[in-house]
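After this come two complexes, each holding subunit A, first together with subunit B and then together with subunit C.
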Partner chain A sequence: MRYSIKEGMLSWLLHRLTGIGIFIFLIIHVMGAIYLKIGPEEWNHHVELFNTPFFRVAEVGLMGAILWHGLNGLRIIIIDFSGIRTSHFAKFLFWIIVFLTILLMLPGTYILLKPLFEGVAG
Partner chain B sequence: MSILVNLRSRQGFIEMLRVFRIQRFNPEREPNQWVDEYTLEVNEDDKILDILLKIRDEVDTTLGFRASCAHGVCGSDGMMIDGLNRLACQTFVGDVPGRKPINIAPLKGVPVEKDLIVDMDPLLDKVKSVNPWVVAKEHKAGERELLMSQEDFEKIEDMTKCIWCSCCTTSCPSLWSDSDYLGPQALVMAARFILDTRNEDAEKIIEKVGGLDGVFRCHTIGNCTDACPRDIDVTGAIAAVKKVLLQGIDNEDKFSNIVWEKGDEKE
Partner chain C sequence: MSYKKVPGTFAWWFQRISGSFLIILIFIHFIDVHFIFGVENLEYETVAEKWNKPFWRIMDALMLVFGMIHGANGIESILLDYKKIRKYKAYWFFFIRAISAVTIIIGSWIIVTFSPEEGSVAKYESPVAEMRDESGSHE
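And then the complex of A and B:
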């Protein structure tokens, strides 16, 4: 039997998951820099990898994760230090950051996924 | 809301069949964890505790749970009812709307000893670890008792209502994932004694709650405030401790040598 999931718990769950996701990305990101030491050919090959459809879609996820993690951090600061102490306000802020995350993801998603569809058309 | 439910059912005597799904645990049985279902004829204004007592007395005498005063004062019958931590003696059948089965499970995040009985010691040790008591200054000659002003008391009045039921601490996802986290109950006690103007040892409490497993593990999830049977603003109390840690407290003299510098403190 599980505890009922409300907005606050959902935000915490997403905060954790996105935190782990960002950490895994950072490992890949930093380890990738090793190719700089190996040689220019290998580095170019490594960077080409991020042009593949899989990584382009994954980067959309990465962008969402970073946006959520950052905005939820701001939400926690606002709840703690604004002095407005109602659960309605906390829930309102939750839906505000859901909206902001989706809104801010739209242009980036367009830029990241556009080449994929161009490839299909061309 | 429960009052309304009371009136309605007394007028009409709405008797109905409800299913109670109770999570059982017995360390000596194999498998040691299972779920039992009991179907009972109940009223909307029956308390969950009365139903547990009825099940234990008339249906299954092996059911284990804690209860003492049965009036929401002792805080010993905290359990998870329909996915929320509440006191069984303060929850009515009508509080779980509809005809769906009512799930009853022990508090989460602490070791279960038998059925709905959990080991409270780790939680109470955490509360004790933050020094939840007043260390009084020396009495002046002729002074008979330590007084605080009405305004000062109003700041902590909310937190003094705590009955140590641990419903808040065991509803906290931060505690489920990190069992070393102090938890809401200990932090409410910390806030109560940090803001108590009679307490001379508030620095010690601040030191204890400022660590890695302290107040900043709180992610303002709000489960604790929802769970509190005494309607304490638990998340608000934790936020007050965060503020004290970051900004210092109004009483500059008392808090001048702790926490970070406030800059031009004295205006």
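And then the complex of A and C:
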């Protein structure tokens, strides 16, 4: 499907980049889970990494990528199956998912970064 | 354009169906890891408790399988956009599929065969666990 509008180009490019990024993340994430089979201490040492400021900030990025990709994927599905091919409809949905991504990022970012300001994360 | 994963092909349908499942699975995963447990409480013990229920093993396995096949399928459709890559399509596809297959096998192996080591859990005192115990937020 092609929607030759600039929002369409941007959402298409972001969909690709986030798709590739999540794919690479998922592979690393599963490899990290091997520590579960190595032993409790090794696993516990591994997950402490997620608690560091660097990983908490990186997780905000991961959450944004997954939210964008997932909502934009939903947008593509809606356009495909609704049969509505006007660029006006595609643009309308584009701004809805921009809004939803930001809306969901707010509580998500708060949850992920809150411990940084409470001195829990090391 | 017959090389493309165009509407109507299996790949096209799979991408839409797995995508719909993934949005639900990943949403539950986020709630579970970040609201119910919290990233600071992901110790071995927590995983053992969670995977005590087959339901969660099944959820995690579904996420793994759908995610990896959806991702591989997506990467393949990106690769098909490049003329130079199309020439060696068979090799690229083999490479991508091999990576996904290995990841699915390793992931499934962990999910299916994980069984907590008897007695080894309590012995370990992570700094995070100590902090958690002090704040008394978890039993």
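One rule holds in what follows: the second predicted complex is superposed on the first by the 114 of 122 C-alpha atoms of A that agree within 3 Å, B and C clash if a C-alpha of one lies under 4 Å from a C-alpha of the other, contacts with A are read in each partner's own complex, and residues count from 1 in each chain.
Simple rule for what comes next: a residue touches a chain if its C-beta (ideal position, glycine included) is under 8 Å from a C-beta of that chain, and two chains touch if they have at least 3 such contacts.
On a predicted model such as this, the values are computed, not experimentally measured, just so you know.
Peer 1: Quick check on the superposition: with subunit A as the shared anchor, is it clash or fit for subunit B versus subunit C?
Peer 2: Clash.
Peer 1: Touch check for A:11: first (subunit B), second (subunit C), both, or neither?
Peer 2: first
Peer 1: Answer with first, second, both or neither: which of subunit B and subunit C does A:44 touch in the superposed model?
Peer 2: In the superposed model, A:44 contacts subunit C only, not subunit B.
Peer 1: More residues of subunit A in touch with subunit C or with subunit B?
Peer 2: C
Peer 1: Kindly classify A:80 by the partners it touches after superposition: subunit B alone (first), subunit C alone (second), both, or neither?
Peer 2: Both partners, subunit B and subunit C.
Peer 1: Is A:22 contacted by the first partner subunit B, the second partner subunit C, both or neither?
Peer 2: The second partner, subunit C, only.
Peer 1: Could you pull out which residues of subunit A sit against subunit B in one structure and against subunit C in the other?
Peer 2: After superposing on chain A, subunit A residues 1, 16, 76, 80 contact both subunit B and subunit C.
Peer 1: Spell out the residues on subunit C that touch subunit A in their complex, using ranges where they run on.
Peer 2: Touching subunit A from subunit C are residues 7, 16, 19-20, 22-23, 26, 30, 34-35, 39-40, 42-45, 47, 64, 67-68, 71-72, 74-75, 78, 99, 103, 106-107, 109-110, 113-114, 116-117, 120-121, 123-124, 126-129, 131.
Peer 1: What does subunit B use to touch subunit A in their complex?
Peer 2: The contact residues of subunit B facing subunit A are 21, 23, 35, 80, 82-85, 103, 105, 108, 171, 173-174, 177, 219-223, 225-226, 233, 235-236, 239, 242-243.
Peer 1: Okay, in this complex, where on subunit A does subunit C touch?
Peer 2: Against subunit C, the touching part of subunit A is residues 1, 16, 19-20, 22-23, 26-27, 30-31, 33-34, 36-37, 39-41, 43-45, 47-48, 50-51, 56, 59, 63, 66, 70, 73-74, 76-77, 80, 108, 111-112, 115, 120-122.
Peer 1: Touching subunit B in the complex: which residues of subunit A?
Peer 2: Per the stated touch rule, the residues are 1-4, 6-9, 11-13, 15-16, 75-76, 79-81, 85, 87, 90.
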